[in-house]
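Paired with chain B in one complex and with chain C in the other, chain A is shared by the two complexes that follow.
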Partner chain A sequence: MTNLVIVGVGGQRVITLGNLIARCALEAGLTVRGHAQSSLAVLGGSVTYHLRLGPSYSPFVPHGQADVILALELAETLRAVPYIKDGGLALVSEDKKAPMNLILSHAHYPTPEEVAQIYRHLGARFILLPKENQKTQKGRALPEAWRLLGVMSAVTSFWSRKKIEETIAAYRPREASLNLAAFRRGYQLAQEIEAKAAASSPIEKAASAGK
Partner chain B sequence: MSTSNRMYLTGDQAVARGALEAGVAVATGYPGNPSTRAIDFLLPHAHKGSLYAEWSVNEKVAVEVAAGAAWAGQRSLVAMKMSGLNVAADSLLSIAHSGTRGGLVIYVADDVNAYYGMVEQDSRYYALMACLPTLMPADPQEAKDLARFAFQLSEVVGTPILLRSTTNIANAFQDVTVEEPQALIREATFQRQPEIYTKAISSWCVTQHQNALERLSQVASHLGPLNPLKIAPSSPYGVIACGLPWQYLQEVVSSWGIALSTLKVDSFSPLPEDKIAALLREVKDVLVLEELEPLVEDQTKKIAWERGLSPRIRGKGDNTLPRTGDYSLEMIAGALGKMLNRAPPPRKQEEVLQRARTLSVARKLEFCPGCPHRVTYYAINQAIEQLGLPREETITTGDIGCTIIGMSEPQNTCWTEVAMGASIPLAQGMKLSGIDRPLLAAIGDGTFYHAGIPGLLNAVQSGVNLTIIVMDNSYIAMTGHQPHPGTGRNPLGEKRPTADIVSLALACGVQHVTPVNPFRVTATVEAIERAIKYPGVAVVVAQAECAYTDRRFHLPYRVKEGRCPADKSCGVACLYQVGCTGVEERDSGAVILEKQCRGCGLCAAACPHNAIGRDYSWPTVKQAASRYWRSRGSRTIVPMEH
Partner chain C sequence: MSVLTMRDRGRRVLALGNEAIARGALEAEIGYFSTYPGTPASEVGDSIYEVIDELKGLHFEYSTNEMVAFMGAVGANLTGVRAISAMKHQGVNVIADALGNVGYRGGARGLVIISGGDPGQISSNTEQENRWYAPLFHVPLVVPSTIQEAKDFTIEAFQISEEFEMPVMLDVSIQLCHSTGDLELGELPEAWPGAGRFKGQPRIDRRGPGSQEGPPGHIVLLEKEAKVRRIAADTELNRILPGSAPWGVITSGTCFGYTLEALNILGLKDVPVLKLGLVYPIAPDLISRFARGLKKLIIVEELDGFIENQVKGLAYDLDLRIPIVGKEVFPATGAFSATRVADKLSQHLELPLPQEFAAAKERRDRMASGQELAAPARGNAFCPGCPHRGSAYAIKLAKGDEGICGGDIGCYAMASGPPYNLTQWGLCMGASIGVGQGVAHKLPGTPVMAIIGDSTFFHSGLPSVVNAVQHKADFLLIILDNYWTSMTGHQPVPSTPKTVEGNPLDHVDLKELLRGLGVQYIRTADPFRPLDMAATVAEAMKVPGVKVVIAQGECVLQSQRRLRYQPASVKKVYDIEPERCQKCDICFAQFACIAIQSAEEDGNTYYYIDQGLCNACGACRLLCPNSAIHQTELNPHLVGAKA
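Here is the complex of A and B:
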């Protein structure tokens, strides 16, 4: 039984990413339940996708039982806090999508360190993906959702890399090359992060200190 | 997506799949989350011959079209959200009393917790009011199975069936076991039977009412394995659950490893009274789990009283569970723990969770970058100011859809939101009450076609002085860009005649109608000013396609070098008056994020220093051109994939 919670805002492909992971699980013969809550707004509202891979009854992940949290937006990461398991993994993008009401009221937008601290207090491993401005040859930015998936596939061992790449290619053939490029970049990035962690980088040092 | 006979579907897609398997011939509906994906799912299948699917102009029309098809012997599905059922209620009750020949299933999704706005209501009251048999699925698999079964039941008994789900079931995903869709080839016929299909004679109406009640009691004998009752002789505790709370209960019971007597209520109407009584006989303490109104709970109390049974009945009556908002796994575990005297698990790290809650960012509704509505609201505010009217005293009534985002900061324009089309009559009423300041009504295009026209006719006839701003972005945008009569195409992309809002307003008798392109800000402000000054009903139609679907070539704007003063004496109008996330305030002044900018130019219009202009630099032009060519391939709106 694996529980995932994916969070982000409208337009970041949270639901597409969740559907793709569900498809990987379905092809691996697992039963899947999930729940996607989007907002009323076409773009920019909170989106949460719960995924339960394996036999379950509720479409929602119970509190304290998420193995992995994938966050495409920094502040949204806080919405998933109650779900993280002791010893779980939070993969967090540095993307910031501050809502207009926050900008207009000059309210505080959480810093990566504040978010990381909360997860470490709960005994979770927190990996913040640094912002990269890598683009394809045609000048298109790599979609963050697939980069995050690449990192997840390197850090966890749910399915083989090849399996996920095949699913990505079959899922949306028109965007396959772009999505695969982002996925591979994420995979590579995770390996760099892991190598750094082995050499005791600040990220991992702080993570192990929190445990 | 599917692997062999499994499909990964949401609850409302599953309803549509069940209808396909039952051989549905006509499917209608009006978009409204959380029920939108049911018709969206069927539309691709409508290409293939035996199915006709449409987005109707409103829910009342949708129910009538579906009933017409069902009376002629075909199977038909109609889907809507709970607010839509209120619109359709008049026809619904009439049709329910007449009954049906072909299978007629009305799928309604109650937005428990009001995630998508509007009144949090329990549509099961309509089941009681209309003598409608009502089934309630608990997950997508059941939604599919019950939808399919509902068509058979509808034809066997001759009654429409209400299939009622909730947001969290409609939005839930599951790998559903599916069977092959079937196409029923039936000849359409309709016999003249005025005693059934008219309400012209009172004795006929009373007989129809009796027959509807009779059909309701017949349904009870056709429910088969529904409403499963499980008695655990060792336990004095029992639970009656319906809908999603049943799934939560299963999750809690399996993780705790306990045995309980349980009754799952699949059919709200007719309620399995004998099974409820059988459960009550076996237990000392029973918990009723249902979201929103305590309807099953109250019936359980009635059954207990009638049959002289006296177990303790817990639920909403004793405040174990709330009557508002949705339930969660944790709430069900809490309520169950209270009944079983099980100590709640220690809530570890409560202060960390509290810190996460205080830090987290609330997101209010905001316009997308490039939205024409933002420009229109800006123009309304400008017009009000230029006429010397106090902004905080000038009333603008708002309406449903994307246009209601005008109530958000920094526009702060809309004052009210009631129901589809209510903005115009509300404004008329306020005017008649004696408010002599200018009064505006802001309404979207989809809403105008849905229910705005009667209000406009009424306002014209009353002779009040009113300014109506219709914002036409060519789609019912908020629910995912469904077409409406003004789009010019049906959902399959085939050409259809366009109902022009300007001509409609003229036909309603409005003497002062101005179509404007909202992106021409100055002209729009002037048009709104003239409309406000006009004595009588004036209509301004702001026509520009939704920024999300608009694939025209556009160049982004940029702040001209050295023109934006760092002292910010203008109050950064391009951000704080416009409210676009494409503009960022930095120490050096404002910056426009090229990636976000859709080239609407409102920031340039708002800038008092004339410091913002189109970016004609070669790299930008090249990139805009490549974006334009790339987007041409994805011009059509594809319903969500499955």
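Here is the complex of A and C:
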């Protein structure tokens, strides 16, 4: 069984992303249970999607049992900390959506290094997606959710890249080309990150793998 | 394609808990579906509404409130048609009068109520335990555990309702409503009953004491309940998982899954479990059969000790002298999970948690106590471009320190938080006006006002307005008319002027309605022009008697959606010019739109508009005293014109 926890902020398509992964799993013949919790605020509230692929008793990932954390917003990554398992994988967007209370109180917004350190300390592999300002020809920004999915597709072996691309195209046909562009960019980015990790010294490699 | 209309029986699909309930209702051949949207049960109705054109014969409606929805369902049911009404837990409070009577009057055959509960108070103002309604009104109570059961038990609920001629309540927690999982589809009818035949209510002399034994309606009701209790011993809604351990667990609903997982986590693989699907009434035979040979019963349930209460009562009658543990181990507040159940069980049984769980728990505790960096709290905030933000800002400005303002239930409840801190009371649906007139009568000379959304106004604001007019309250009502029931997913309200595709709808004219109710002073305002609106509110405050300001501005999520159908519309983009920005904090901290973010460059803080978040309402531009916010209009007809 694979446990995923997806976190982010309302409007970032956390639920759409979770539903798409659920659909891939169902089509691969797995039983699926998931649960999306969003806040009262439609845009800008905290959203958490638990997803369990394979036989499970309940839709909620128990503490310390998440194989993969997908985080669309940096600060929200901290909300998923109790779920990550030793040896798990955290794929994290650098996207910053500061909450209103933090803005008003001028409080500290966590840095990528602070977040990474916590995950690495827990034995997890932490991959940060650098911010990119790539846009489509029509000037639309690549949706972060699908970029993150591309990264996950490259560094895990849940389903073939082709299978996920087919599901993306079928899931939201109207947005397929934009979503596929983001997915492919994420896939490519992950390959670059992997290549860099492989080329680095064994010590750094061990550190980045969290072992 | 919607899972509600797929015809391939036996197919496995991905469905939301709420969709599974709706699918079950359709498979059960309902003829009438009514609902007032309320999280967590909203999608039961929404998923049907989405495909209503394909459901021949079915009457569907978003009613003005739960009571109207339920009474309509009762009416349809009197014509021999299966009817269902869905609502959130607090909605059942609204139908309580009808629900308390329907059992006495009889005539309910195939009448089901969906009650969406909210353990953890995730999207409500209370986490009220609705299972008590079952014994209060003698209503059989069915509780599903999984997505599959959500569908199957809905069908089962209709069968119980028809067999015993009683309404049946299906209690579903938010954790199941908003779960996604696989669902095996059943047979869908070709069409749904378009017309019924009036059957009416049975002739029970319900007026006086029919005999020394009491009112006949009450007697018949209790007889029916006793019959259900008898079948409750053998119904397939309840299940026993056998085990050889000397103690057993009784549970139901989503707690069933948590319990099995928790037992697994703790390595307890031989514990017998009784899973109740029919949670009220419980048969004594079932308890005695399950408890035979056991030395202890542990009851795992969220919120109140409802099953515990029943089982302890039955145990006395059965002379079952073993410890029965429930709420002393499992708290009556907050939602459960496998993690929480495992934690409480391990403490009770004095068993160690496996290392990875203990470590995760410790980590969580350290984060909660601030010893370790934790995620910043993300309180509720208005969406970027929300008309209510402009209203909150404007009303606060007009009200000053002397006025008092009340709130109501809806997105605008977020005006109660920082930085607006606008509303000083809130209670239940419609309380802005109801409470407000009471405050006004006892605070002469103080401007008393309240805000209410359009949907809430129709739900339960109307009677209070009539009352306030009749009794001459000195009171300003501000209706925040955003054309939709937005918080629950944009269901239409009686005054919605057009669909999201842009097609006009027959609608109630709010102004005409208020005039008809006897309100003399009615003004409209544009919340996307907050300063103008503040002037309108300030002026209205000076007028004696009941006065109403209607802030008309469509929910930005819907108006943005409409742009899809109008691809040729002009797109507006807003930017802050850093050189002109004086960091006066009006847009950033007082208007407080989350699309306005700050960043640092070379040690200097600057504000910018996050284009990914901005919904282009333009209100910040009108508020900026330094004209530092620019508007650019992108006309699609001009794009590429140069080439």
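Note that the second predicted complex is superposed on the first by the 201 of 211 C-alpha atoms of A that agree within 3 Å, B and C clash if a C-alpha of one lies under 4 Å from a C-alpha of the other, contacts with A are read in each partner's own complex, and residues count from 1 in each chain.
One rule holds in what follows: contacts are C-beta pairs under 8 Å (C-beta built on N, C-alpha and C of every residue); 3 or more make two chains touch, one makes a residue touch a chain.
In this text the structure is predicted, and so the values were computed from the model without any measurement.
*Asks:* With everything superposed onto chain A, say whether chain B and chain C fit together or clash.
*Replies:* Chain B/chain C on chain A - steric clash.
*Asks:* Using the touch definition from the top, say if A:K85 reaches chain B (first), chain C (second), both or neither.
*Replies:* second
*Asks:* Under the stated touch criterion, which partner chain does A:M1 make contact with: chain B (first), chain C (second), both, or neither?
*Replies:* neither
*Asks:* One more residue to check, A:A195. First (chain B), second (chain C), both or neither?
*Replies:* neither
*Asks:* So which positions on chain A get touched by both chain B and chain C?
*Replies:* On chain A, the residues that contact chain B in one structure and chain C in the other are 9, 18-19, 22-23, 26, 31-37, 39-46, 56-60, 62-63, 75-76, 78-79, 81-82, 97-104, 107, 109-110, 114-115, 118, 122, 141.
*Asks:* Going by the contact rule at the top, pick out the chain A residues touching chain C in the complex.
*Replies:* Contact set of chain A toward chain C: 9-11, 18-19, 22-23, 26, 31-37, 39-46, 56-60, 62-65, 75-79, 81-83, 85-86, 96-104, 107, 109-110, 114-115, 118, 122, 141.
*Asks:* For the complex, which residues does chain B have touching chain A?
*Replies:* 1, 3, 6, 8, 10, 33, 115-117, 139, 168, 171-175, 244, 247-248, 250-251, 254-255, 328-330, 349, 352-353, 355-357, 359-366, 368-369, 402, 405, 408-410, 477-478, 480, 548, 575-576, 579-581, 585, 595, 623, 626, 633, 641
*Asks:* Could you please specify the touching residues of chain C with respect to chain A in the complex?
*Replies:* 12-14, 122-123, 147, 175, 178-182, 254, 257-258, 260-261, 264-265, 337-339, 342, 356-357, 359-361, 363-364, 367, 372-384, 411, 413-414, 418-419, 486-487, 557, 588-589, 592, 594, 597-598, 610-613
*Asks:* Taking the complex as given, what residues does chain A use to touch chain B?
*Replies:* Its residues touching chain B are 9, 18-19, 22-23, 26-27, 31-46, 56-60, 62-63, 75-76, 78-79, 81-82, 97-105, 107-110, 114-115, 118, 121-122, 138-139, 141, 171, 174.
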